[in-house]
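Below are structures written as structure tokens.
Presented sequentially are two complexes of chain A, the first with chain B as partner and the second with chain C.
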Partner chain A sequence: MEQQNKEAVKFESSPPTGIQVVLREFKKDKLAMFSFIGITLLIIALLIAAMILNQEEVLKIKLLERYTEPGVNGYILGADEAGRDMFGQLIIGAKNSILIAISITVIAGIAGIALGIIMGYYGGFIDNLFMRIIDFFMTLPTLMIIIVVVTIIPKYGVIELILIITIFQWMGTARLVRSKALSEGRRDYVSASKTMGTSDFSIMFKGILPNLSSILIVDLTLSFAGNVGIETGLSFLGFGLPPSTPSLGTLVNYARNPLVLSEKWWVWLPASLLILILMLGINYVGQALRRAADAKQRLG
Partner chain B sequence: MWKTILRRVLMMIPQMFVLSLFIFILAKQMPGDPFTGLITPETDPSRIEELRIQAGFYDPWYVQYYHWITNALQGDFGQSYTYKIAVSTLIGERGLNTFWLSLLSAILVYLIAIPLGMLAGRYQESFLDKSIILYSFISYAIPTFVLSLIFLFIFGYRLMWFPTSGTVDVGLEPGTTAYYWNKIYHLLLPAITYAILGTTSIIQYLRSEIIDSKTQDYVKTARSKGIPMRKVYTRHIFRNSLLPIAAFLGFTITGLLGGAIFIETIFGFPGMGNLFVSSVMSRDYSVITALVMLFGFLTLLGSLLSDIIMSIVDPRIRID
Partner chain C sequence: MNTAKDLLTIRNLTTSFRIKDEYHAAVEEVSLSLRKNEVLAIVGESGCGKSTLATTIVGLHNEINTKVTGEILYNNQNLTQLSEEQFNRLRGNDIGFIFQDPLSALNPLMRIGEQIAEGLLYHTKLTKQQREERVLELLNQVGISNPNRVARQFPHQLSGGMRQRVMIAIALSGKPSIIIADEPTTALDVTIQAQILDLLKSLQSETEAGIILITHDLGVVAEVADRVAVMYAGQVIEEAPVQELFRNAKHPYTRSLLNSIPQTHDENDKLEVIHGMVPSLMNLPREGCRFSARIPWINESLHEKKPQLHEIAPGHFVRCTCWKHFHFEGEEGGGTV
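Here is the complex of A and B:
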């Protein structure tokens, strides 16, 4: 009895925060839960497989095995024009693509969140200045400019690619966080904290930020999917990762040769389908999270 | 109304100015210069130097920028180094191809999206609705280049229903009906791919608009007058929900431009996106800068167009 009372009191004193509500809702959506578990297991399996795999062995050129068909000579998914095992390349490529997308999401996320909260909390000149900058970035033909920048950088590698894409990807998060922080900053608890003399930093990152957690998890999931798309797209066009570092995009890039596209489907199709599965899975989870975070669409 | 439009147009000027400065400085940083491509064992190095001086290669960047921007404002973007013709002529030629492709795609987008959105909203929560939602989710999530490649592989190479590249078959007399049909035939597969990718937002918007309309008073009035539900849908609700869809035209244009780089490269379609990729490869920076400026301008124009249509259709929304 006492135990129950205690629990009731505890429940009343701390209502479930944003992220708990989202998770509770999310658990009710069977298909979303299924795709979440599926996509997480897939990503973990790919990362572990890439660790075990002998990269040098996979990327060794064996001209005799040129365009080996799938299933022949122990090549599960065949070989490319240089006789490299496609299955191994697929795993390494997927690992690279996923890690790059995660890095971009994390860096752009942190930058966007920090900037957005500062803009929304302080308002005034800082807010105006950065809103102008964001508006400018939003109207840029981003893809073209990334391509131009990529060709300029002299020493070009994975880290440079991550940074270049990040420069053009923080605006969405910043804008979203800013608008939420703006309305959150007018709430009573913020005024109360101010009167008690809490520092601005604490109010922003310990007071306001946790209340934005539910929309942030949605935003970051969807931008993760978007970043997989951007990296693979750039690599596909030949402006992403260098060919020596396989990514899902560079594997699909082989399809730009009409002969490979029409006859050697095993070189490009598995990577395309893997991109497709990743995009569908991550986006589905993101949309389900969005439904869960939106009070109007709750399942109950 | 006109005042706000004018203000928006005027606001585009500083934006375009910053973009032009930005892209000009970027283009100048590109490794090599257009003349490195001309060097052969027989070229005299002093001849290359002469060309460089003639093109203003050693002037300070702001002088070069001034020359470039004043010429650009008069429609002269210089000479393409790879194609040896004026950039404006080249882009005009390629732009026309992209224009026809975009036009056909935009028509297809609306042809696909409007019936699907209407049906989904009308038979809400039915199996049909769920399939349409699934379709719009997939078309939202799938990357442009993956869908294009799969379509090109299936319909172009395997089933051979469509040509796999180019704009028209060789050997056809320009101006004849067969020639124009052949052109449309070449446009069809890329346009369908484009259209499938572009339908998501319109379907979702139309669906929720129709679901909202169902409970409106005017629907009840129409029903109580004895108009059959079928007619209420096709006349009353349809007309009311259709207008806001017009505002998506601007976004559709912007979306088409973004996809042009992928679709045109994959389908071997000689439009502006394809031109951009090949110009970057060959460091043809007068073409690159012109294309980025043009795409930046069209993107701005697209969002302006959407805002204007939106404020005409729905006077409650005022642009500022």
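Here is the complex of A and C:
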């Protein structure tokens, strides 16, 4: 009897919750499931390994060990032209790239969400003003400006790089959130909240924001992948992180030397593969989330 | 018309919407009053300005696209002059609002308990535990049998009737002296409608609140209202106590509305309709009797040039003089009534 009651309670709340929908979507899409588990483990492993590793030791120049081949002398992935351990550099570089991408995603995400909700909720003049500012930022040639700024700034490090990229990354999120907040903010439950005497701030961030969470998760996941790409791309071009700080981009940058490119594959190939795996994996996860957020595209 | 007992007094209220840089009045020169412990029904077709009137009272229109003139007096305060902050102190506490569609008026991602407690959070100094107790009490009051479970559920897990009960609980949370119900039964089926109306009535007798009930269902009006204001094209065209209105309707529009209630005793009976439709906001004739276009068989000269409300019996007001000569199409015009 007890058992029966429990069953009844279970069936009563029939529409699946958000997490159940996402889980079902991942179960249907084995690739996304595999990517999600793989990426999570990979990132955790990289971050832990980077903490254990002695960075100074890794970056110490040992000219005698120049271009050591993989597997020789305890160099798992060989050494570069200065005799630095490629495996250690790969881990530290990946950690740097991922942390930078996460920081950019979080900062640009918070700015974009806050602005987008304010624009969508109030509409009118505020909306128009910020939309024109966004249009202005969108038309700027991002890469050129970042390169110019990087060259001009005298002291230049990780934090400066994060801020510069962030300045050009908040618009997409802001526009997306704005369009959704615009429709969500005209819904009855917002008016109902107002008739309860709820302040605008509470309505925006306690009422409307949770209702945008599905598109936000998708947007932030995909922009995380994009940000990894932007940082590595800039570093590859030599305008990202300074050479003293390894990142996936600086490692790939070694391939600009024809000798390295043609004969010393172990210097650049692992970093390139890691970028590929990261980007693909995050994108598969993001796409599965996107399908879960939109009932029409769902597989499960 | 206005006595000291009035809870809410609306004087010459005009709400205009901006369309292509021109203001068009959706509610025009409306004067009404609501007394304590009274149900004032506002009836009319869709597009007559009923809901606009209701949302104007609680200040839901933004200042960018709407212009509100006139007075809404409550406790010696003019609601149209209040700042957002002052209004927030009043809304949810003194004035409760019940929406038409309870599903869209509840936040889909907030538990029922939290949504009811929201008003308490802003208007009372209750502790978290006291608020929870009050939520259960409110849910009990609106006739929900297992408040403990419902408080933890989300809106999509409830049935339509239960959602509307929750909406009523929310409106009641601040112990309001005025409840505005904007077509509270439209989204519900007939049996639930009756339950909700009974609930509203019994709650009113408990709390002695004044209720403004907006509806286009004359059956609902007959059931619960004490006084009725009929609106057409933004104006009040007839106002009377409910008995008087059903027995002695005067204005052609009111009579046409009553005439178009389906009769069930004769299956060959044709459903009476009112010709044409409510003119849209931009094409509204601003002069003369607004209903004249839909009763073309009545001679133009019988309408007033500038129709005013005339008190024809104690508490019974009718706009325009055309009612004196009105007859339905096909009937013989009988001179003066």
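Just so we're on the same page, the second predicted complex is superposed on the first by the 271 of 300 C-alpha atoms of A that agree within 3 Å, B and C clash if a C-alpha of one lies under 4 Å from a C-alpha of the other, contacts with A are read in each partner's own complex, and residues count from 1 in each chain.
Basically, a contact is a pair of C-beta atoms (placed from the backbone, for glycine too) under 8 Å apart; a residue touches a chain by one contact, two chains touch by 3 or more.
Because the structure is a prediction, the values reported are computed rather than measured.
J.: After the overlay on chain A, what do you see for chain B versus chain C, clash or fit?
T.: fit
J.: In the overlay, answer first, second, both or neither for which of chain B and chain C A:G123 touches.
T.: After superposing on A, A:G123 lies in contact with chain C but is clear of chain B.
J.: Touching A:P154 in the superposition: chain B (first), chain C (second), both, neither?
T.: A:P154 contacts chain B only, not chain C.
J.: For A:A192, is the partner it touches chain B (first), chain C (second), both, or none of the two (neither)?
T.: Only chain C; A:A192 stays clear of chain B.
J.: Once the structures are superposed on A, label A:N211 by its partner contacts, choosing first (chain B), second (chain C), both or neither.
T.: second
J.: Roughly what angle, nearest 10 degrees, sits at the C-alpha centre of chain A between those of chain B and chain C?
T.: Between chain B and chain C, as viewed from chain A: 100 degrees.
J.: Tell me which of chain B and chain C touches more residues of chain A.
T.: Partner with more touched residues of chain A: B.
J.: Regarding the shared-chain residue A:T173, is it in contact with chain B (first), chain C (second), both, or neither?
T.: Once the two structures are laid over each other on A, A:T173 reaches no partner at all.
J.: Quick check on the superposed model: minimum Cα to Cα separation from chain B to chain C, whole Å please.
T.: The answer is 17 Å, the least C-alpha separation in the overlay.
J.: In the complex formed with chain C, which residues of chain A make contact?
T.: Those in contact with chain C are residues 12-13, 15, 123-125, 187-189, 191-200, 207, 210-211, 213.
J.: Spell out the part of chain B that touches chain A in their complex, as residue ranges.
T.: 15, 18-19, 22-23, 26-27, 29-31, 137-138, 140-146, 149-150, 152-153, 157-158, 164-165, 257-258, 261-262, 265-266, 276-277, 280-281, 283, 288, 291-292, 295-296, 299-300, 303
J.: So in the complex, the part of chain A that touches chain B is made up of which residues?
T.: Within the complex, chain A touches chain B at residues 136, 139-141, 143-145, 147-149, 151-152, 154, 225, 229, 232-233, 236-239, 252, 255-256, 258, 261-262, 265, 268-269, 272, 275-276, 279-280, 283-284, 287.
J.: Can you name the residues of chain C that touch chain A in the complex?
T.: 55, 58-60, 62, 64, 84, 87-93, 95-97, 99-101, 104-110, 118-119, 122-123, 153, 156-157, 167, 170-171, 173-174
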